[in-house]
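Listed below are the structures to be examined.
Each of the two complexes below includes chain A, the first together with chain B, the second together with chain C.
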Partner chain A sequence: MSPLLEVTDLRVAFGRSHREVVHGISFALEPGERLGLIGESGSGKTVTALAVMGLLAENAYVSGSVRVGGRELVGLRDRDLAPLRGQAMSMVFQEPMTALDPTMPVGRQVAEVLLLHQHLGHGVARGRVIEVLAEVGLEDPERVADAYPHALSGGQRQRVVVAMALINRPDLVICDEPTTALDVTVQAKVLNLLDAELDAVGASCLFISHDLAVVSQLCERVLVMLDGDIVEQGSLAQIFNSATHPYTRGLVATARLDAVEPGERLPTVEDYYQRQVRR
Partner chain B sequence: MSLYEVSHVSRRYGRVGTAGSVLAVDDVSLSVEPGQRLGIVGESGSGKSTLVRMMAALDAPTSGEIRFNDEVVSRRAERDLGDLRSSVQLVFQDPRSSLNPRMRVGAIVTEPLRSRLLRASGQVPLDHRARLAEVLESVDLPIEVADRYPHELSGGQRQRVAIARALAPKPQVLIADEPVSALDVSVRAQVLNLVRDLVAAHGLTLIMVSHDLTVVRHVCDSVVVMRHGRVEEQGPSAQVYGEPRSAYTRELLASIPTFRVT
Partner chain C sequence: MRRAGLWIGVVLVAAVILAALVSLVWTPYNPLQVQPTQTLRPAGWPHLLGTDGFGIDILSRLLVGARTTVYVGVAAVSLAALGGVPLGVLAGMRGGWVSEIVLRVSDILYAFPALLLAILLAAAVGASTGTAMVAIGIASIPAFARVARAATLIVMTQDYILAARASGTSRWTTSVRHVLPNIAAVLGVQASVSFGIAILAEAALSYLGLATPPPTPTWGRMLHDAQTYIFTSPVQALWPGLAIALSVLGLNLLGDGLRDHLDPRLREAA
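Right after this comes the complex of A and B.
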């Protein structure tokens, strides 16, 4: 089976000086697979996600290859890329308050994703939106559809964003820190929801997080990113038990607060890996 | 004698009976002993931040009373709060918004020392340069950052600056409101270690608010679990985490993501 997403030697640079922040990374994602992408802030996780979606700003220079379902996306014009976004691939962002338009009822925003890709009457679209809002576990979906984002809780907003990402049953869903802005209890619920909905839709998922414990809830395989390079990849068990890169071992240790006796000093990444001094 | 005595404190936002009126804190009583490390946990909207804001006299209760060092501090004029202002310092969640972007780190850290109110209390170090060097060293930042602006620093470094500013006037009590939730997991460990070491080294009383129970368990010896503005459960950390009495606490504990390796 050919991979659903195949990234080869992806490089991203910004600005007039062409400062490179992603240094030729390669990875593949099989249909139905869930792949975690972990690393600290600034390691290039989000830039990678945005490069795949073709959502980088105009001052970004992307080279290499990104293939989704065998189709090359790098170099594609925006008008050829737009029909794919929200249809073949979609994204769940970190902060639902900024991902949603504050001036529009959320039901209309979900419907927009639907109407952009399918010719439906508004009545039909609304019915489908209510259905999907109910699927993502929102009680009283009729009321939620007519509410503005500010009137919803953080968890409800993120459910709406998940509904938008999944309504067209895409093949690939990229989740960029989807629960980082949420409370622990809400995080647990949203992770369960994502788990169930990805299965229901049969979508592959690239799941980005700085928290390995969160990634382990959903993914079988993990990529570790450090300063724009993928330094390690493997199954969750490999990463967890027998990571080869010291940076990965550091990330595993810091994510395991529960393994440290209360009051003891917490392990840090620096205990395992000393980064070359930059600047 | 308790350092803090909070008795039957409530805080309502908006007028009773009007739409949008919220009872954010509902009849909360607790006490904090000198040297205690108290964690306050709960979800968004549980009233934990409102509670500590009142304890720091940044907000006043609608009813009830807060005593600090045996003096009533709730509903007091700002000019009579000198003792509390110099003894209680805060660290907030997001150092990008709690540090003035137009001030250099050196000026930010020494600003509390220039407060008339704090100077009047007579406990504040007078040699600003010496104190600046001292507190930057204690948070593991090189003295060179004093000339930098907050935006030039990383998230972890910025939070260290916020902690250095809190320590500058030699407080008795450090109140930290979600000090690590805006930080990466890997940076979180560094900042928590730092807080733990500083509290021990300076004999500080710590009040830490967090929605993350693992974080609180690491640093605090006692815990208050809040829900809908009320105290759901309180007690020593070992007991609350080991044998939680309330179903809600058990739910919170079960929500913590732990490694799932198959």
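Right after this comes the complex of A and C.
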């Protein structure tokens, strides 16, 4: 089986000074697989996700290769990429507060994703939107569809965002810290929802998080990213039991807080990995 | 206190628009009718604000003058918005050299004051209400371009823009469906400020004879005519001066009041 997503020697640099923030990373994602991408803030996770979607700012320089379903995306023009976005691949963003347009009822925003890729009458589209909003566990979907984002809670908004990402049944869904901004109970619900919906749609997922505990609920395999490099990759079992990189061992220790004896100091990543001071 | 400012602004601007509308169907006297026996009457009855040096009823002339003011303001602001907003949004969305070019072009336009444009236009095609509209409109394009660009830059950092693009929305559709509605409030503030500037500019141009030619009443022209009597009947200059000052004040209060109601993130763009 050929991989659904194949990233080879991807490099991303920004601005006139060409400051490189992703240093030639490679990984692959099989159809139906869920791959975690984990790393601290600023390690280049979002940049990697946006590079796959072809959505980096104009001041970004991208080299290397990104193939989705065998098709090379690096270097494609925006108008050739746009039909793939929301259809073959889609994205769930971190901030449910800002991921929905405040000037538009959320139902119209979900319908927009549908209508961009399929020729449907507005009545049919609305029916489908209501259906999907119900599917992602929103009560009273008719009312939610007509509501503006500010009238919804964080959890409700994130469900709408998930509905937007999944309505066209894409092959690949990139989730960029989809639960980081939510409180813990809502976080668990949204994770369960994602789990179920990804299965229902049969989509592969690149799941980004800084939290190994969250990743381990959803993914079978994990990439560990540090300062723009992938320093370790493997199955969850490998990562938890036989990590080689000190940074990964630090992540594992902080994800296993239940193993800490009462009264003992909680471990931090820094106990395991000290970043060299750059000159 | 700030709320009061907004409401005073609304009332003053509404009064100007109402005056312009009323003048379309009714004025106390014919604003063009010269009455040599009735010159320089003081305020009272039957001429509420008195008469001018030609014996024309001042209130009637003010009401009709409001019409020219509103016409020129609306046309100039529309022209400026139509020219400036697409440029600013484009610059804000694309960045890089597109943004550089837009900023340079708006710098060049900015260096051309409305007055100079009006003189050039009046020399080329003759002074008229239309030349004032075009001159003031073009001179106001840079302000709209800059504000639209600044607001677009802020809106572009929001995830909903990225989310729209990640759903397959093209740049063009994103700008119309998601950027414009989110910067509309900021553009409203700018429209209000630009309208105030346009009123001042229109008054200056008609005072100088570079806009609406006589006998059509304009506030600037009334100021010009009042000059003759500045020592004998200074109240002649008071009425058009007050009309100009109050409407500019109204638009500025309105603009400030609207700015206070903006999303705090967007406030710095306005």
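For the reader, a short list of remarks on this structure follows.
Here is the rule we go by: the second predicted complex is superposed on the first by the 275 of 279 C-alpha atoms of A that agree within 3 Å, B and C clash if a C-alpha of one lies under 4 Å from a C-alpha of the other, contacts with A are read in each partner's own complex, and residues count from 1 in each chain.
The rule is short, and it goes like this: contacts are C-beta pairs under 8 Å (C-beta built on N, C-alpha and C of every residue); 3 or more make two chains touch, one makes a residue touch a chain.
On a predicted model such as this, the values are computed, not experimentally measured, just so you know.
Of the two partner chains, chain B is the only one touched by A:Val260; chain C is not. Contact with neither chain B nor chain C is seen for A:Lys45 once the two complexes are overlaid on the shared chain. In the overlay built on the shared chain, the residue A:Arg85 is in contact with chain C alone; chain B does not reach it.
Contacts of A:Arg221 after superposition on the shared chain: neither chain B nor chain C is touched. By the document's definition of touching, of the two partners only chain C reaches A:Met164; chain B does not. When the two complexes are overlaid on their common chain A, residue A:Arg126 makes contact with neither chain B nor chain C.
Looking at the shared chain after the overlay, A:Arg11 reaches neither chain B nor chain C.
Applying the stated contact rule after C-alpha superposition, one finds that A:Leu251 touches chain B and leaves chain C untouched.
Contact residues on chain A toward chain B in their complex (touch as defined above): 40-41, 153-154, 183-188, 191, 210-214, 216-217, 220, 236-237, 240-241, 250-251, 254-258, 260, 262-263, 265-270. Taken together, the chain A residues at the contact with chain C in this complex read 50, 53, 55, 57-59, 78-79, 82-87, 90-91, 93-95, 98-104, 109, 112-113, 116-117, 161, 164.
Those residues of chain B lying in contact with chain A across their complex are 43-45, 154-155, 184-190, 192-193, 196, 211-215, 217-219, 237-238, 241, 251-252, 254-262. Every residue of chain C that touches chain A in the complex is listed here, in rising order: 94-96, 158-160, 162-171, 177-178, 181-182, 184.
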